[in-house]
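Here the structure comes first, spelled out in structure tokens, and everything after it is commentary.
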Amino acid sequence: MTPEAAFTPRDAGFEARVRASFARQRVMDLIGARLATVAPGHATIELPWREELTQQHGFVHGGIVATIADSAAGYAGMSLVGPGSGVLTVEFKLNLMSPADGERLEACGTVLRPGRTLQVTRADVYKHREGERSLCATLLQTLMTVEGRGERG
Amino acid sequence: MTPEAAFTPRDAGFEARVRASFARQRVMDLIGARLATVAPGHATIELPWREELTQQHGFVHGGIVATIADSAAGYAGMSLVGPGSGVLTVEFKLNLMSPADGERLEACGTVLRPGRTLQVTRADVYKHREGERSLCATLLQTLMTVEGRGERG
Amino acid sequence: MTPEAAFTPRDAGFEARVRASFARQRVMDLIGARLATVAPGHATIELPWREELTQQHGFVHGGIVATIADSAAGYAGMSLVGPGSGVLTVEFKLNLMSPADGERLEACGTVLRPGRTLQVTRADVYKHREGERSLCATLLQTLMTVEGRGERG
Amino acid sequence: MTPEAAFTPRDAGFEARVRASFARQRVMDLIGARLATVAPGHATIELPWREELTQQHGFVHGGIVATIADSAAGYAGMSLVGPGSGVLTVEFKLNLMSPADGERLEACGTVLRPGRTLQVTRADVYKHREGERSLCATLLQTLMTVEGRGERG
């Protein structure tokens, strides 16, 4: 198995379920992020640079980079669980490689290891700056599948 | 040296410098966080629960927990660098231990290893819920000292 | 709950069980490590410096530091699970803070968050050098409880 | 820049330098690991399964998996530094995805972000078992370049 592996979802309706869950993450509205693409074992979130998201140097704060990377990797994992299930983040590590100062960020989540109880996922965050796309941060994450835990209505 | 060690700041004006830098982190306004305490090698940030900060279950999103933990640990480190210096986060790892669903969160940053170029820091995040304070998340971080890098005015 | 919390073991025979498991870790013989202390939620492993454990500068290799830290934190967690259970490491992060060049290393594992399925644990690694004890590395770990998985005889 | 990027080494003699450094890592002899391939920004280490490397279930201990992954990623980084320089591991995170129980392990290190002072690297560890190769663990690492720090003779 490699990161490039094709994954078979357990739930044919995975995209609608992932999109509905993303819509319940109020914080995505607050920061202005949108869920761009969902595929089995993959999800991409985009975030335009905004003044209100910055730290002291004018870059997007590392915690906000973490927010979109955590959700992109989390929804990559959620695309593979069964219809009655959700996922929770157990932990993640984020390496910040260059200042998050482009016009927009793009977090690409991928499942590395699917599994019934635990999944290992990754998200690479790219910045788009003056027409160029470059790697800005990378996140390595552990997810836990939660059964029958209702998301709020 | 232990986490409980007393640290001697290189800059007697460390608290004013840290508070000025925090004030430049626009994202703290956006999420409603405030810098509670600053001491040599320590900093504490508080964040009241707000609907706009939540993920799909109604808990504060892990990336927002990371935002206050990253800054609390970062300002713990910044309290120890010289007057012309700042810090940047190289990387961090966050373990989420229980849902961030209290009335407010409190991120307590501490320096584990001071150093001229690199510092290792930690932040423990507590939730306050119905009068009880319990450990909610912990972050382990690497900081790099940056010399003469101007923060924005 | 804090790292200093007192833990109540589910199995009164936890120390014998932990010591028997440690004795099955052949790698501990290979590197010359010994299990010093076991208490509910805590375990300590000692490792004398040896030429064969070193990397290119003559310090104990970071992976060997990880080996004793991973097991110290793992056995801290194992001390709290029920009689028929064991633990497996899901993941860990290690920060190396100063060269592992003392006469011996001491890895002190502690449970941060006990739990039936997952535990979060930490290990601080100290070096003893010319009569002084100083923090050398720290590890933050996630453990999974495994039921009825036989260790080898 | 992507993980697949081609890297230009600063030192044409990088392979000899990396191989000489590996030969000074005594721990590699102890565990029976060998440096298989070195290329700009890449290094691969192989480790046959051996009883003396195991933990309580008979799998290679996670710390030994970390040992080869840390060195594979570290030598990937060292292949890109200048002739008078070396690297030290600042920190790493390791996710263990399946038991290390094959006939041999293969750790493939890659540079994600080259840099003069700090590098971010990754190592994927595969197990070879009954003719199949599968992902067993992944490591995400930060390296620091050290100038003029002599390795031992």
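By written order: A, B, C and D. Residues from 1 in each chain.
In this section, a contact is a pair of C-beta atoms (placed from the backbone, for glycine too) under 8 Å apart; a residue touches a chain by one contact, two chains touch by 3 or more.
Small disclaimer: the values here were computed from a predicted structure and weren't measured.
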Point to revise | Superposition of chain B upon chain C: rotation angle, C-alpha, nearest 5 degrees | key: 180
Check your understanding: Roughly how far is chain B from chain C, going centre to centre by Cα mean, in whole Å?
Key -> 28
Point to revise | Rounded Å distance, chain C centre to chain D centre (Cα mean) | key: 23
Check your understanding: What whole-number Å value describes the gap between the mean CA coordinates of chain B and chain D?
Key -> 32
Study note, to complete from the structure: Multi-chain touching residues of chain D, meaning two or more other chains, are 90-91, 93, 95, 120, 142
**Study point:** Arrangement of touching chains [line / ring / star / complete / other]
**Key:** complete
Review point. What part of chain A is in contact with chain B in the complex they form?
Key: 21-22, 24-27, 29-31, 51-58, 61-64, 66-71, 86, 88-96, 149, 151-152
Check your understanding: Across the complex, what residues on chain A touch chain C?
Key -> 90-91, 93, 117-118, 120, 142, 144
Point to revise | chain C contact footprint on chain B (complex, rising order) | key: 1-2, 93, 95, 97-98, 112-113, 120, 122, 134-135, 138, 140, 142
